[in-house]
Amino acid sequence: MEALKSAFDFSDFPRSDLFVAGALVVLLLVFPLFPHSAFAMATVIQFFIFSLYGMGWNTIGGYGGQVDLGKAQYVGIGAYTTAVMLIRWDIPFWVSMPVGVCLAVAWSFVIGFPLFRLKGHYFAIATIATSLVLKDLFEVWDFVGAARGLEISPIKYTPPDFLRLIFREDIYYYYVIFAFFLIGIFYINWFRKSRLGFQLRAIKDNESVAQSLGINVHLAKVKTYAIATAFVSVVGSFHACYIKNIEPEDTMSLNISILIALMAMLGGAGSLWGPIIGAGILIPLKSYLKEWLGATAGLVGIDLILYALIIMIISATEPRGIWGIVERLRRRKPN
Amino acid sequence: MPLLEVHNLVKNFGGLKANDDISFTVEKGELIGLIGPNGAGKTTLFNCISGLHPVSSGRIVFDGEDITSLKAFDIARRGMARTFQVYVASGDLTVIENVMVGAFMHTRLRTAARSRAEEILSNLNLAELTGYRVSELPVAAQKRVTMATALATGPKMLLLDEVAAGLNPSEVDEIMSGIRHVHNDMGITVMLIEHVMELVMKISDRVIVLDYGQKIAEGQPRQIAGDPRVIQAYLGERYVREHSQELT
Amino acid sequence: MDILLSSLVAGIMFGMALSLVALGLTIIFGVMDIVNFAHGEFLMIGMYTGLLTAQAAGVDPLLTLPAAALVGFVLGVLCYAGFVKYLLRGPMIAQLLGTFGLMLFLRNMALLIFGANDRAVHQGLLVGKSIDLGMGVIIPATKLAAAGLAAVSFGAVWLLMNRTKFGKALTATALNPQGARYMGIPTERMNALAWGIGCASVTIAGALIVNFWSVNPYIGLLFTMLAFAIVALGGFGSVPGAFFAGIVVGLITEIPGFWDFLTYTFDIDWMADVPMTSFKYMWVYLAYFLIMVVRPRGLFGWKH
C-alpha cells in the first residue's frame, strides 16, 4: 500500500515540472487523434521504447552509477523469447513476455555476480563483452534463425489480436507502449524512493561508506541490474511484436546498448525525467535528421555527426546532462 | 562481558605490518580514545574491526560473537557503525536522504526511515540542514552529518575516525557535545581516533596509544599524558633524551 | 600439421599488428585513466590515410607509415586539447559518454567523406606475393611485413617510453599527476603528447593492417574491442604487457584454425559441423570477460 502511494507521489518536484509533465502526457494521449504522418507515429513509438530502455538503464546506471553498456543483450533475450514462442508454439505475448523477463533476469544473475566484482571502466567494458558474446551466439544459433533472424508473419493472425499483440495499425501499438511508459514512470518513481533506491545512491557516492551502513553492495547492484534487465526485456518483447522482423544485428548490437545509455546520460542520469528528456530529444532528432539530411539531401551519416557533436558538447560541459542544466539554472535563481 | 574484544590482531600490507599483535577490550558504555602519530595504524585498526579490510591474523569478538571473517555490511548490521576520516560527498543526496540511508538498515518503509532520520537530526541539532545537499556543506557540518547517518543505523558501538580534524575550536566544542550526547544520552559505546588531544583527553574514559602498528600504552587519559613511551612516540627519541629531566 | 603451423604463424603475426593497435590505448589509459572508445576509429583513419596516400602519391602502402603517424599524432593532440581535456574534469560517466561521442563523430565523418564501401589495397610491392616457410606454411608477404614493421614501431615507442627523459616524465605523470606537476613537469603537455603518441601508434598500425584488410567506416569497433581485450589481458597501462597479450589475442582469433586441426587430426565428425569461423571474435570477448573477472589487473598490470 505504501509502495503504491509512493509510486503516485511526485510531491518532491516543483509544481511547474508536474504541470509540464501533465501537459505532455495529455498531449501524447491525444496525439494519435489528430492528423499525423506514419513517420511521426513511428517516431513517437520509438521515443516510448527508448524512454523505457533508458528508465531501466537509469536504475543501475544513473542511481547506482554503474555504467552498463550491455543492455542490448536483454533486448535480444526479450525479443527472441516472444518471437520464438509465438512463431513456434503460438504462445501469446502476455505469456511470452513474462517468460522472457524470467530468462533475461536469470541470465543477468549468471553474468551479474561476476560482473559486479568489477568497477568503473572495467565494468563498463566487460558489459560490452558479455553482450557481444551473446550476440555472436545468436548469430549462429539456428533455433532462433541465426543471422537471418526471425520474422513474425502477420497474415497468419487476424489483427487486431490483443493477445498476441499483432496489429495492422500503429495506433494500437502506440497505446500499448504508452501504457507501459506510464507504468514505467510510476515504477521508477517508487524505485527512487525505495530502500534499494537509497542504497544505490549511497553506493554511487561511496562504496566503503555504503558497506559501513549495512548495505550489501554487491547484492544491491545485482538486484538492481535485474530490475534494469526486466525493464529492457519487456520492451524487447514488445519490440518483437511491433517490428515483427528481428535479427541479432538490429536488436543486440553494441549501437543499441550505447544508445540506451546515451539517452539516459544525455537527459540526466540518476533523475526520474532524465531518460525521458534524453529520448525525447535524441529520438526525433535522429529520425528526422536521418530523414531530412540522409534521405533528402543524400548526406549519409551527417545526422549521426550532429548527434555525436551534441553528445560531445554535453559530456564536456555538463556531465549531469540536460537535467543537470535545468537544476543548475534553478538553483541560481534566488528564492 | 566486554562489548568488543580484539585478540592479537595483525594486518599486513605486503611486507608492511600496519597492525602488529594488537589486543584490547572495550566494555559496554565506555568511551575509548585511540591516539598515535600519523601512520601508526589507527585507521587500519578501524578498517579491520569494521570488516573493510580482512585481517591477516587474530580474532575480533563483538557482543559475544566472532566477527573476524564477516563482511563489512554484516558487521554493520550487528550494531557496529563508523565514520570515515576522508569523506568527500560527491553525490546528490541531501542531508535528510543521507541520514535515511542509515535508517533504512532496520526498516523497508520510507516513512519510518524518514521520521527516524528527522529525529536523529534534531537530536544532533542538525535539523536546519535537512534540505541541503551534503556536498554543499562545509566540512564541519559534513562530519556531523556522517555521524548522524552512522547513528541512524541504531548501533551498539560507534567508531569515529577524526571527526574533529580541521575544525576550529568552537566547531570542536560542538562536535564534542555531540559525542557526549551520543555516549551519555543514547548510551552508545564510542571509540574515537583523534588528533585533537584536548578533545580526547577531556572526554575519554580510557585511551589506547598506537605507534608503528603496535599498542604501546593503554590507560586513563591522565596516565597516558605522562607516559614516557607515549611522549617518545609523539616527540621523538632524541627530544625525550635531551629533555628527560624536565619531563619527569 | 600444416594447418596447426599456419594458424600459429598467422596468429602470431596478426597478434604483433594488434599489439601496436593496443599500445596506443594502454599509453592513454596508463597516463590519464581514461578509456578511449574511439580508439578503433583512429585505426580506421590510419587505414584510410595509408590507402589514400599510397594511391595519391603512387607509392607502396608500406611506405605511408610516416604520413599515418603524422596524421595520428596531430589528430591525437587536437582531440586532447580541444575535447578530452574538458572531459577529464568530469566524472567517469562523462568520459565514457564523451569518447563514445568522439567515436560516432569520427566514424560518421568517415562515412560522409569516404562512403560505406569496402576499400582495399590492390597494388604494391608485396601485394599478392607470399613466402613459403616450408612445412606447408605459406604466408602473404604483406602480413609478414606488417608484423615486422609493427614490432619495430612497438620497440621504438617502448624505447621512447623507457629510455628517454620524456618517457620518464610521462611515467611520472601517470603515477602521480599532482606530484609530477610539483616537480615541474608540464602535465597538460604530457597528456597531450600521450594522446599524440597513442594515436600515432594506432594510425601506424592502421596503415600496416590496410595492406591485408579492407577498410570501411565501421571497421573501428572490432579493433576497439580487440584492443580492449589485449589491454585487459596485458594489464591496463602496461607496455610490455600489450605486446605479449597482443600475440595471445592474435592466437585466440585463430582458434577456428586450431579447431580445424583437431577436427582433421582426430577425425571427429561433430567438430566439423560447428561453424567455428562465426565464433572467431567471440573467443576474444569471452577471454576478455574471464580475464577481467579473474584478474582485473591483467597479467602484467602495474597500476592499482
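A, B and C label the chains in the order they appear, each numbered from 1.
Keep in mind that, in the parts below, contacts are C-beta pairs under 8 Å (C-beta built on N, C-alpha and C of every residue); 3 or more make two chains touch, one makes a residue touch a chain.
Predicted model, so just to flag it, every value in this text is computed and none were measured.
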item: Chain ID, smallest distance between chain and overall C-alpha centroids; value: A
item: Per Cα centroids, the chain farthest from chain A; value: B
item: Intercentroid distance (Cα basis), chain B paired with chain A, Å; value: 43
item: Centroid distance [mean C-alpha coordinates] between chain C and chain A, Å; value: 32
item: Centroid distance [mean C-alpha coordinates] between chain C and chain B, Å; value: 49
item: In chain C, residues with contacts to at least two other chains; value: 91
item: Multi-chain contact sites of chain B, meaning residues that touch two or more partners; value: 90
item: Touch list for chain A against partner chain C, complex; value: 61, 65, 67, 69, 114-115, 117-118, 120-122, 124-126, 128-130, 132-133, 136-137, 139-140, 254, 258, 261-262, 265-266, 269, 299-302, 304-305, 307-312, 314-317, 319
item: Touch list for chain A against partner chain B, complex; value: 2, 6, 193-195, 198-199, 201-202, 204-206, 208-217, 270
item: Residues of chain B touching chain A in the complex; value: 50-52, 71-73, 76-77, 81-82, 84, 87-93, 97-98, 100-102, 104-105, 107-111, 113, 146, 149-150, 153
item: Residue numbers on chain C that touch chain A, as the complex places them; value: 33, 35, 83, 86-87, 90-98, 100-105, 107-109, 111-112, 115-116, 217, 221, 225, 228-229, 232, 275, 278-279, 281-282, 285-286, 288-289, 292-293, 296
